[in-house]
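Pasting the structures in now, so scroll down.
One chain, subunit A, links the two complexes that follow: it is found with subunit B in the first and with subunit C in the second.
Showing the complex of A and B:
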């Protein structure tokens, strides 16, 4: 039996329910998308009381299995107008597990002028406590205040000032093993949904006493070790261990898909100034708090995270990841890791997604509000967001709205969500994935890049995208880190064996994929019911009209192909 | 035969074509919506080169018939994402007629960094001339410069600085009989569409030599006089002659549908300070340039326009109309006609729609950016628009986007276009019209207010709205002023007789209504093809959840009823 804790944010009633269905067993996106699909009216307003927010850990949360403790957060997105699952690392998944919880649901909403509340969940129950003292404070300060009150070991979920203002790029921050809420479910504006319910933090205390039970403890131990071995042996995930995701800079530059100058180019001269080796060398050289290798959750054998120190060796930002380095770096023609880390820190503090805000700043630069490549101007624009000025709010509304307000046509998004760090005209597989995702443009949704024979050609890309949609979604489906997929893409056996050893439930590979595909179907159905038309699954017209200079490519994917890639 | 002048704004090729079909005969919205429907791909981006802009005068343009010279401007709207017809008075319709034109089409678009152009149309042909000297200037200054170059008698069409920045509430301004471009096709952001084609002005010179020919001149003269008599005898239009549209303030206050405090209330204490009598008395008292009665076009027997003078008797704004007095007055709790006229003047100068910007300022006040009722703050917000600051751009993007960026849920719009000056919870007929219009919330689309037995009840309102959708659309359909409808609502004979006497073409009342209904069908089909889902035909959720205090009413209209009201 798996517990869901339902919390009505208007009446403050709480209720625990028990379920045994497979979706509760798997948790993660399998569960969050089913809950949204069943309980949120598809046509409701995302910031209204009919929306709900579901925090779901996964099947192996709280165990010794590497990278298994991610939390999927589901709800209707104000950014895309559709269903959203955004997941984060950190310790929240573990703490939920220790409290015997598979899902926490925040339902309903009090009037907008109600006071801010913190929901505290512990072994003795649930309570609402005053959260007004957190209001307006940055996420780093909130983290300190929450740690002081509930210990650094509590699982804390909070939002930044951007979310408090209901901005569409605001994420939900989950605490890392040090009590810092730096692990973001960043995409889709779910922070604003949490704020609309007047919940400024959810704390899962470190007093949980529920330990995972096993059908076959020995088999589980062996299986768990096998995952570590697979991760260490895998050439991709093991490279992430040394360099983190920054390894993608060189790869994307070589493929001419490194987003540059508001996604008008795919190559940035001087990209080596922000590549993985430069980052590695900088961190090593500066020492101090710096770490080239760092785990966002325990246990994790990949440890792709890092701690980027400033010139004095003091923590500047942790982590600094490829997606941010591209969207807030090359996309703005910035060639300075300190600038990127500074912008990243501000984004984390005000609580906005680095991709969506990076893309919005790119649009603002194209509109002439600052020069591409101007480090100070870029930081100044981030300060506008931190100060929640009118311009800051435009930027923190994402690149679609920023483009509407600032009169820019080349807006890199699908369904309002910014295109991630792979310029779509140069990689038709990723383009297909962006176009067909129910979540808006999303790279984790189906990462084809490493498996495209001819990236610039759309031939076979419907099938390739769909193949990787399944591979990627398998990880979300059970709360695993997306990077585990490299190790099990040809054989999910090792993970399914762990489920068997943990719960005594046998799920075959095909049955599991059927569940994954059913999730995709439900997600697309939700969006259709929400009124998202097929015509929304497109890039801006400029991507079809103007060739990317380095590849000579335009988007040539048709609505029919996109529709086929959404068909499950 | 009726001429359409096609102008390719990218290649600068022009081509005159002749057509004899009924839609060319009728002109107006009949023609503009058919042209958009046929020639603009419904799913194109409104600011891309696939969109086109059609300027169509009506069947009786250039004749002696009162109020018959309006110009319908059609295109795909950036504000609503759907089809748009927005019409304006002034002399453009007349000048087109004198050049033998029924329609001017602006097609294609040059690159965004091209120079601004003026298109000059005269008896000797069409030429493109440099328009860069107009760029960035207000519409009043543009009017002076255009008048100086082409005479005050030319038919000038221009846009303001807001349109140059592609803002979604920017209108298209047409010159009045004094050479001032103050007659706005304000709604739907068509100014931005014109700007996207890099056309800063279209000038129809006053050298046209085409005179209307008549099948039966005497019958036409008699018929034309009959229209004047009908207008003078009609209690509604004759009241507009004395008081202008300001007469609606008292009516709406009495019905509790005067938009107040960002559409949260329907009654404003102190509304008499901005009502028709106060305006009339103020204008009379101040004298000088002031006029309580004024014609936007010649000939016109209604003359609902006015000239509002400042304290020294100098022209402050012409006209000041009810919709503006409500959206920029009561909606902001402003009780000062000078403030409203000042805001109106700024809006006209920067070239934005007063309704959509008034609604956006209401949203900004609800977001706490200024106090309701603060005259200086309201003018300051208009100055933000004039200066095209980030906040100004947010406001000039309309109330939907302003609400998204500023975190406000109670956004008064349908399809992104602001709700006009009749609070929908108190008038379910108007609510039905707003919800079912293909143009976004629009009062002229089907004005039920004067004919609702129980305004707060939705009973019978599908039928009532549809009845008035036809009555209102009849006027647009042939380029007549909407206010003529009061005189012919039960008998279109007098206008159809004029068509007979002018062209020798007999159009029966039923046949005419069939054309009107076919236009509605085409418009809805365009929107459907554009991907506007049925779910978009709703108000913000708050209108369904929160009762308007004075009437105790919420919106209770269902999607099914709205769909029925869109079915033709």
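Showing the complex of A and C:
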């Protein structure tokens, strides 16, 4: 049986329910999206009391299996107006498992003028404690205060000042193994949903006594070792270990899809100044706190994360990921890793998504509020967000709203969510994925780029995107890190065998994929019920009218093709 | 002379003499063995365009080979 802890944030009543259905066994996005579909009225206001937040760990959370402890957070997104699943690493999934929890649901909402509350979950029960002392503080300070009160080992979930102001790009921060809430479920504005319930933090204490049980312990141990072996033997995974996701800078530059100058170009002169090798060399040269490899959760055999130090070797930001290097780097024509890391740190502290804010700053630069390539101006705009000035609030509302306010047509988004770090006109597979995702533009939803024979052509891209929508969603479906997929891409057997060894439940590969497809269908149905029309699945018209200079390509994908890619 | 560069690796560029145009799937394992690079999933790029394994490599081509990664 799997437990869901329901917490009414208005009445403070709590209750546990137990279920045995497969969706609870798998957890992750399989569960979070079903809970949202079933329990959140699709037409509700995202920041109203009818919305709910579901935190779900996965089938192998709390075990020795590498990279299996991600937590999926589901709700209705204020940014897109549709369903949202955003997931994060860190220790929250593990601590939930140790408390015997598969899901924590935050329901209802108190009056907006209520005080801030911290929900503390431990083996002796659930309590609400005063959280006003955290209000207005940055996420780093909140992390320190939470660690001081509940220990660095607790699983802490918190939000930044941007969420407290209900801004649409605000994320939910989860604590890493060092007690720092730096692991973001960043996309879709779920931080604002948590704030709308007047919950400033959820703490899962490190006193859980529930240990995983196994149907076949030896088979599970062997299967767990097999996952590590598959990860270590996979040459692609080993590249992640050395360079992390930053390796994508050179690949995207070579393919002419590196977002540059508010998504008007796909190549940035001088991109090598912010590439993986430069970052690796900089971290090694500066030493100190810097780490070129780092695990966001335990156990993890990939360790793709990093710790980027300042010039004195002190921690500046962890992690710095490719998506941020592109949206807050090349997209703004910035060629300075220190600037990118500084902006990333501010975003983490104020609690906003780096992609959405990077895209919004790109729009602001196009509107003439600052020059592309101006490092100081870019940091100054992030400070506007940190200080929650009127301009900062506009930027932290995402690039769609920023473009409307600032009079810019070329706004890189789908459903209001910023386009990630692959210029869509140069990669029609990624464009198809962006257009057909129920989450708004999302690269993890179906990552086609590495498998596109002719990236600039839309031929075959409906089928390719759908293939990778399934492959990409498999990991989310059971709470695994997305990067495990390289090792099980052609054979989910090793992971499904672990489920069998743990629970004694046999799930075949086809059955598993059918569950994944059903999740996709439910997510699209929710959006349809929420009133999102088919024609919302488009880029700004400028992407259809103006060719990207380096490839000569425009978006030529039709509504019919997009609809086909959403059909499950 | 074909030049194969294995990016994001410490391997020196590999130069191979080709007597005739040859498919990438035949050229690449030779180059990888010479460079002592383990080939997993890869993206091969020539002049900014993807070269699939069945495509012909011509003398004087310069091929950039990247590990097939993704962002996160």
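Throughout what follows, the second predicted complex is superposed on the first by the 568 of 568 C-alpha atoms of A that agree within 3 Å, B and C clash if a C-alpha of one lies under 4 Å from a C-alpha of the other, contacts with A are read in each partner's own complex, and residues count from 1 in each chain.
Everything that follows uses one rule, which is that a contact is a pair of C-beta atoms (placed from the backbone, for glycine too) under 8 Å apart; a residue touches a chain by one contact, two chains touch by 3 or more.
Values in this document were obtained by computation on a predicted structure and should not be read as measured data.
Q: Could you say whether A:541 touches subunit B, subunit C, both of them, or neither, answering first, second, both or neither?
A: First partner only, subunit B.
Q: Have a look at where A:43 lands relative to subunit B and subunit C in the superposition and call it first, second, both or neither.
A: After superposition on chain A, A:43 lies in contact with subunit B alone.
Q: Scan A:166 for contacts with subunit B and subunit C and give back first, second, both or neither.
A: In the superposed model, A:166 contacts subunit B only, not subunit C.
Q: One more residue to check, A:112. First (subunit B), second (subunit C), both or neither?
A: First partner only.
Q: First (subunit B), second (subunit C), both or neither: which does A:371 touch?
A: neither
Q: After superposition on the shared chain, which partner residues are touched by A:531: those of subunit B (first), subunit C (second), both, or neither?
A: Only subunit B; A:531 stays clear of subunit C.
Q: Considering only the touch criterion stated at the top, classify A:235 as touching first (subunit B), second (subunit C), both, or neither.
A: Second partner only, subunit C.
Q: Is A:269 in contact with subunit B, with subunit C, with both, or with neither (first, second, both, neither)?
A: The answer is neither, since A:269 touches no partner chain.
Q: Considering each complex separately, which residues of subunit A are in contact with subunit B in the first and with subunit C in the second?
A: none
Q: Contact residues on subunit A for subunit C in the complex?
A: 234-236, 239-240, 242-243, 245, 247-248, 250-251, 254-256, 276-277, 304, 321-323, 326, 420-422, 443-444, 447, 449-455, 482-483, 486, 550
Q: In their shared complex, at which residues does subunit C touch subunit A?
A: For this pair, the touching residues of subunit C are 7-8, 38-41, 43, 45, 48-50, 52, 64, 66-72.
Q: So in the complex, the part of subunit B that touches subunit A is made up of which residues?
A: Its residues touching subunit A are 43-45, 47-50, 78, 112, 165-168, 192, 389-391, 393-394, 397, 401, 404-407, 409, 530-536, 540-541, 545.
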